[in-house]
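Here come two complexes built around chain A, the first alongside chain B, the second alongside chain C.
And then the complex of A and B:
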């Protein structure tokens, strides 16, 4: 029979490797904690904090409360920029959300040269972003020298102004974004479709389910969770669009393609008003939290 | 692995082998192929157009309307543009950035993924959740504060502009890479780690001698994404590296837009897309497999 003392000894013996394991583990995590602090956590907190101050360049002067926010929101351009940002998001969902689903379903049917199709569809994803923006900038050149206009001309259509048309420039940028990114989503949908248990199809066949029913009851439910994830990710991603208008239009013509993130960039690096730039970032953040919040609530209600 | 095995077989959902004997379905199938071919034309043609334009003579390039199929072929333009812009210098900078970024992203994210999966010290689960949650926060919010931080770092007020350190630091923490590694290490049986521990191996020793050799596939996937990402990364290098002698190819591509004639610019664009394309064609299996493994890569 073990005495109490022996039990204690035993547990200390067990405790020592436990402690060592914890110390070693946290030592290995130390770099991650340090990087997370400087790269993620501190900037988020500082963004909130400094947006409440009057700043000279990047030095904080005095606490002004919500003054920066008031200045931004009352600026005549702000509503336009906000509307533009929603336009980006809306257009990108309209233009870019369904094609990957459709292409993946088609790709799933292909028996010939599937590897080629997959490679070709994924091709734009591996190209450097800036090269893609510049490529499309040249494709969209207005006048007769642009490639798209040349192609239109061979169908007898007049040259279009493309990016220089204030009403549609956002749409053309969205098409570029879709072109570059749809391959990645397509392959994700395809992987989900390929993961479907074959027995389901066999069972469907025995039950005499046709093509439409197999699509509706076997394939779409499989895609649904990924579609949901990509939907939210697309909203969050496109709402923060900045590099594309920066490189392709500079936010023009006449501010017609300026997004919230680009506005923050301009406040910081064109007008050197870092306080307003940070406040713009916080506003973007708040809107995104609201959108995702509303979406998640709706989603939950739909599921219940 | 299992996924890829299924991938290679011809497993379809809507039109099965029986249907293919029916002429109606055969027609549908041909339509499917045609649509996919059309999609591929839209992805391949613009890319190809860069190559075709790069080799055109200046004269032909400026011609209105432009020719779609080139008539002239001038490979010497490559050498000319390379020399004129001293492209090698930018290439060298890109390579330095790539190597640093690559090492940081594999080493630090790999180590974190390993600890989160196998060592699991007290409270690490909580840390993982916090990192993951905060990484989901919009990047546009910490863009400006992060920039301010780099110009006046909270340790000794160091100014990191015109150094590569911010780029390396940013690659050292990626919730996505950590998650990839963590999921991969979860699939390695814990008994191996336990056995090594009983034999008296230290934590770093277990990681270096046992886990690392086993995790080649995941390291390959993360490396490809890291290297390709570093080559294409334009915004942060553009913000941080104001000195021209430090700038990588992607930043140069942005800056040269206004300074270079369009036909020479096409050559430059070609330079910037050739390395990713070469990597892609050599390793497309890993890359396309990686998308399926990773799932959430944007």
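And then the complex of A and C:
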């Protein structure tokens, strides 16, 4: 015991000069650490911890181990919700991953009024989310009164159910998400493209490289690191989709657009079962860590 | 040097905090009790905020040692849990009856059984409402409004369809089959939906239970071991769900949009895009939010199914935050006495109820001459309300007489356990039959009953 105490004193003694030497640096770091503790680390740890308890409202009653996880996984709708969540991610990669790349390349080639195009493309990003979801909700209204159906009617096409078709509701939501957020990704790709040394283009042109070769040998390799980053961010972001189905379909029809995050929301705010909401959040977290891990390993193997 | 500066700053912060703490303690020593009153009307609701400010003035006059702190947050169901968990609930807040068991079970509402006895609330409360404000035989709420479900009908659309009698009364459908026929007539005459049925936010399930009871559906029962069994996997429930499906695919009388909640229903009704929906009176929002003409709002009894007319009780209930001190709870009850939400009649209450009815009149909100039942049943309180209603009634009796007659309507309590979960499952089933013409009602009912049993009833501790 005495030895332990002495060791502690020794560590503090060694630590003190190190801290005092860089006190300004440590102090500058402090707000970030405090912020990260309260906003990121503590909620994650508390989420794990509380998911192991039976809770009454937000009060922890008794330790139940993995009982909440068992309840969620044995729920007859869990598989469907999990599949829906992967469907969101899959559709978003299919529909939403390439447009920002293409638009950024096109913008990079534009010589005139580029600022206007950049602003126009970025505009949906600054719109309030709920306004965007409501706008698209009304665009997608079924029947003859829906805006998209009105356009279709002028071409003699029958009204479509849009969000109310259980088979495609997720696709329509993903299109809304893509419209809202692709401006941000586009600007990041554009920044990467514009960071390319102009001499490379000039050299390529002298060598007779057309647009296709410039794209293949100059642009794509340059945007590859940012594409990798955005790919993972997109998987992580879309896997946690909640606001869009909540506002546009309520998770319907018949649960066809319910995601894991929306399920957690329903547990917490419709049934007041915070324990199960926490467990659902942890399940989402674990799946995301696994997907990201697998992706990074594969990516490393490919590069090697 | 830097260290000295840091220590000095920390000392300053400590001294300032201490001073604030000390000043806080000094406020406490004045023994002024402060209560936060939730659901306070916002400044945009001029008429209501006017009489709320008058309540506050009277409260200050009668109880100068109580401070009223208005909180304009309108606590919807979805904000409720978040506010409660973070300890931000006002001392007094309003929610719907259907939320009360969940709030009580989660520890988000205070057990006020003893207070209600002490302040004579329990003895004077309409017996029909005792269960509505109780959970596990303890009282957690004080009724604010209480109405049974009826059929809201749009007079203008009924007139267009020629469904108005000579005496001005509407030809209300007596049964659900008649409702479908009436809706068809209205759709043929107006081109708009004859009826709307909610499908979202657990509201579809809530209304469906009432319809299903009238088809003879029992949703659950408790066996001798105390375990709950889902019992709605029955031909009666299939028939009730088939009725909803027929409204869409056979009669084609529902709105095109199948994602409908009560807010959407009100919009459709007030803008003459749907002629009927099941709801409880008085539906003030139709006038206040959507500027509907009060004389076009009519209410009939809930239609009958093969087993009769089954209705459920709706309305709002006051609850008290569990963080409230006994002094604050006492102050809240005094506040309720002042604003007229209590059985204890006083001059203040008389004046305030009058103010409310006057404001409703000024805003053209319907004031019915009679209501099917009163919240408070002591003679003095009932007499006061009846006198004021007679004086301020502003809609023709004929608009609400069928609803108010209350004849042969059976009021049934909400299902006893996992109620919101049941509504959510029913919502999904209703959405399925309204979005898939080929949906198999029997299979859906079978699946819903199984889901409810496995996912919820089997997991009740």
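As a working rule, the second predicted complex is superposed on the first by the 269 of 304 C-alpha atoms of A that agree within 3 Å, B and C clash if a C-alpha of one lies under 4 Å from a C-alpha of the other, contacts with A are read in each partner's own complex, and residues count from 1 in each chain.
Criterion: contacts are C-beta pairs under 8 Å (C-beta built on N, C-alpha and C of every residue); 3 or more make two chains touch, one makes a residue touch a chain.
The shown structure was predicted, so the numbers you read here are calculated from the model rather than taken from an experiment.
**Q** After lining both complexes up on chain A, report clash or fit for chain B versus chain C.
**A** clash
**Q** Kindly classify A:153 by the partners it touches after superposition: chain B alone (first), chain C alone (second), both, or neither?
**A** In the superposed model, A:153 contacts chain B only, not chain C.
**Q** Just to be sure I read the superposition right, which of the two partners does A:272 touch: chain B = first, chain C = second, or both, or neither?
**A** second
**Q** Which one hits more chain A residues, chain B or chain C?
**A** After superposing on chain A, more of chain A is contacted by B.
**Q** For A:249, select first, second, both or neither according to whether it touches chain B, chain C, the two together, or no partner.
**A** In the superposition, A:249 contacts chain C only.
**Q** One more residue to check, A:208. First (chain B), second (chain C), both or neither?
**A** In the superposition, A:208 contacts neither chain B nor chain C.
**Q** Just checking: does A:43 make contact with chain B only, chain C only, both, or neither of them? Give me first, second, both or neither.
**A** first
**Q** Touching A:58 in the superposition: chain B (first), chain C (second), both, neither?
**A** both
**Q** Touching A:144 in the superposition: chain B (first), chain C (second), both, neither?
**A** After superposition on chain A, A:144 lies in contact with both partners, chain B and chain C.
**Q** Classify the contacts of A:166 with the two partner chains as first (chain B alone), second (chain C alone), both, or neither.
**A** After superposition on chain A, A:166 lies in contact with chain C alone.
**Q** Of the partners chain B and chain C, which touch A:284 in the superposed model: first, second, both, neither?
**A** A:284 sits against chain B, while chain C stays out of touch.
**Q** Considering only the stretches 132-140, 186-194, 240-248 or 276-284 of chain B, report the one that runs into chain C.
**A** 240-248
**Q** Which parts of chain A are touched by chain B and by chain C alike?
**A** On chain A, the residues that contact chain B in one structure and chain C in the other are 23-24, 58, 144-145, 268-269, 274.
**Q** Under the touch definition given earlier, write down the residues of chain A that touch chain C in their complex.
**A** So the residues of chain A in touch with chain C come to 20, 23-24, 27, 54, 56-59, 71, 74-77, 141-146, 159, 161, 163-166, 249-250, 252-255, 266, 268-272, 274.
**Q** Residues of chain C touching chain A in their complex?
**A** Chain C residues touching chain A: 2-3, 6, 77-78, 80-82, 84-85, 102-103, 105-108, 199-202, 255-259, 261, 420-421, 424, 427-429, 431-432, 434-436, 450-451, 454-455, 459, 461.
**Q** Contact residues on chain B for chain A in the complex?
**A** 3, 6-7, 10-16, 29, 32-33, 35-36, 39-40, 42-44, 46-47, 49-50, 62, 64-66, 68, 108-109, 111-112, 114-115, 119-122, 124, 127, 130-131, 134-149, 151-152, 154, 169-170, 172-173, 178, 197, 202-204, 207, 228, 231-232, 234-235, 239, 250, 253-254, 257, 262, 265-266, 269, 272-273, 276-277, 279-281, 284, 287-288, 291-292, 295-298
**Q** Which stretch or stretches of chain A touch chain B in the complex?
**A** 17, 21-26, 28-29, 31-33, 35-36, 38-44, 46-47, 50, 58, 103, 105-112, 114, 116-124, 126-131, 134-139, 144-145, 147, 149-151, 153, 179, 181, 183-184, 187-188, 190-191, 193-196, 198, 201, 205, 211, 214-215, 218-219, 226, 229, 233, 236-237, 239-240, 242-243, 247, 260-261, 264-265, 268-269, 274, 277-278, 281-282, 284-285, 288
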